[in-house]
């Protein structure tokens, strides 16, 4: 009930906040929610199944390009088509990359995901005829559902917020299901899981495909929000950004990636507006925060919150 | 392709390979000793190039920069290892993650201090000319790079074979307890190793600057990406692996760009993925699975 | 139930299994003994699919499983208690067992809560192995003995046809050893059990037949009484003769 009210409040934010909040707040929240969807999908891999992927941007970028290119090539603005294309491309890319990586572990997994995502980036960067290459892809169509046009800032926000709520519900539903618990089993002891009769490679692959699909949709939303797709959307920097978001928020929790995206957005967007304009150090701040969490609070904000709650409730 | 062109490209490929070796040797060294893939290696490389830029601007001496930049980076590495990595000893994956944060900080600080424009550093006087070789003109600096790469590989080979530290690296000893039992001060050893890796990255930054330029983004491409490619293809954590990787990747990349043009980058990473899949420890790597 | 024919496993230059032939009938309880390095754990690992044999065949209920992956063998009814406990350390004892219960129905059940029945079954199995009241404790917070009990509970929750036990009492106190021995002795007689064990009291209490491995070969095979009297066994166990006699 409380969750439903919260979700309704979130989705309608631009309307009830209009008297006191600026349009900047709506844009900021929209981009934070896109990052949250992206981070939630990565956390399925990093937090639940224990797969530290440094290549998740491949699916985000793939989805962004797919939505833009599908709209142009098929001459349609209809969201079911373009978002569907984004989800499909995210899923297929994740299937292909997943098949190759699910048997690797630890540092090798990390490097392999990085290398494979770099192939996707290289294709996006160099296949100018289709992706626009280093100039990026512009001319993204309007996000239309039947005859509703979501391209106004407020409606674009609503589209993103609704998708976010759905994505969070999906991840929550997966996490509490036998499937989600099996992923945790793979994370904690793959050998034991195999001995119990779980095909762990297939389990990991399925998580990869689900995560890639959601990331692809996040990418499409990003393409619609900025009306532009850059090869960097599929680049290492974007993968790192999602990874930082998950770890700062707290891997393996539902709230973690969401809180993490709020923190990252604050550092990336709000802090620079406070600092003098010639001081552009938000990446460095993000790096410092990340280092702090890896060193002192590996469970992220969610872990800090949990231990603080335990301390209070024990009294 | 005419024979002259092939020769020219082969020479280009080998000099690129020599650059790659200088770039990747530090990453390989740190992995060999500490089992940590230092994802800040590219940022170290970038910082080396910018420090060199400042030294050359202040003194006009490329050769002084070639001394100062590695020294400065070595110092940085010597401070960072005990400050950050040591706290996570034994947790290799977390150490790797930590270096991502280090990279973000360094790259942004460079942008703040030196600006975010494309800069360049010219080859030192005496090496900035060209010579005629088999029908083509060839920049002298590239020949110098090749000689430098070979000399560095030889020097590292001597260190690996003749010194106590080198033996430890070759033996793949990184178990802190075992090292302690051998009477090694592990704290100092790891700090020195990390410092040496950073210094090598700084050295690569100076040497590569006249060829690759000095600009934002160089930390990833060529910095981190190419050094990863080299150590993955050749073999993680061994000197011979780094040599083999550079000798393979340098010409492969050069000819790839000539032959495949647009898809060259994708081809290189496809090779990397293939090697990681078929032989995760690289062509000449030790068999060891790090978690 | 199990038929092992001419099984070989070579690690580098070391021969761990040198042509082992062995068969177990349904419901048979067989102990494999032998000095350290005899190949006992390699044999169990080859049966469970943790190591791929260099040569020979393994059949389970007539089906050739030599090349099957561990999870495929588990699906066919094989359960493995590892020598070094393999558990889900941060998960509760209940969740550890529930994952084994759930394995029988497969993991692809999305968007619904974990059925209560699975937890109830897990609790029942935990009670059977003597861990009642410890359901909520994380595996890593249990004592060594309790973790061995939990390891057994996890294997039993798979409802296997064949149970592979690799030193189930390793590191246990005499009291814990006695308890777990009685527990195994009281298991369903239809369950085929292969047990590797150093403690001869446990071996002679549980096993119908005993196989003695030495340097990767079977050097004796027979009833407990046969093996007790076998001269070669005494030679192998020279210095340990007291425990066998």
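Labels A, B and C are assigned to the chains in the order they are written; within every chain, residues are numbered from 1.
What we mean here is this: a residue touches a chain if its C-beta (ideal position, glycine included) is under 8 Å from a C-beta of that chain, and two chains touch if they have at least 3 such contacts.
A quick note: this is a predicted structure, and the numbers were derived from the prediction, not measured.
Chemist: Draw the chains as dots and join the ones that touch; what shape do you get: line, ring, star, complete or other?
Modeler: Line.
Chemist: Averaging the CA atoms per chain, pick out the one whose centre lands closest to the mean of every protein CA shown.
Modeler: Minimum centroid-to-centroid distance belongs to A.
Chemist: Measuring between Cα centroids, which chain is at the maximum distance from chain B?
Modeler: C
Chemist: At what distance in angstrom does the C-alpha mean of chain B lie from that of chain A?
Modeler: 32
Chemist: On a C-alpha centroid basis, what's the spacing between chain B and chain C, in Å?
Modeler: 49
Chemist: Using mean CA coordinates as chain centres, what's the chain A-chain C distance in Å?
Modeler: Distance between chain centres: 43 Å.
Chemist: Flag every residue of chain C that touches chain A in the complex, lowest number first.
Modeler: Listed in rising order, the residues of chain C that touch chain A are 48, 50, 69-72, 74-75, 79-80, 82, 86-91, 95, 98-100, 102-105, 107-115, 118, 154, 158.
Chemist: Touching chain C in the complex: which residues of chain A?
Modeler: Those in contact with chain C are residues 170, 173-174, 176-179, 181-182, 184-185, 188-189, 191-200, 203, 206.
Chemist: Once bound in the complex, which stretches of chain B touch chain A?
Modeler: Interface residues on the chain B side: 35, 37, 84, 87-88, 92-94, 96-98, 100-105, 107-109, 111-112, 220, 224-225, 228-229, 232, 262-263, 265-266, 269-270, 272-273, 276-277, 280, 289-291.
Chemist: Using the touch rule from the top, collect the residues of chain A that touch chain B in their complex.
Modeler: Interface residues on chain A, with respect to chain B: 52, 100, 104-108, 110-112, 114-116, 118-119, 122-123, 125-128, 235-237, 240, 243-244, 247, 279-284, 286-288, 290-291, 294-295, 298.
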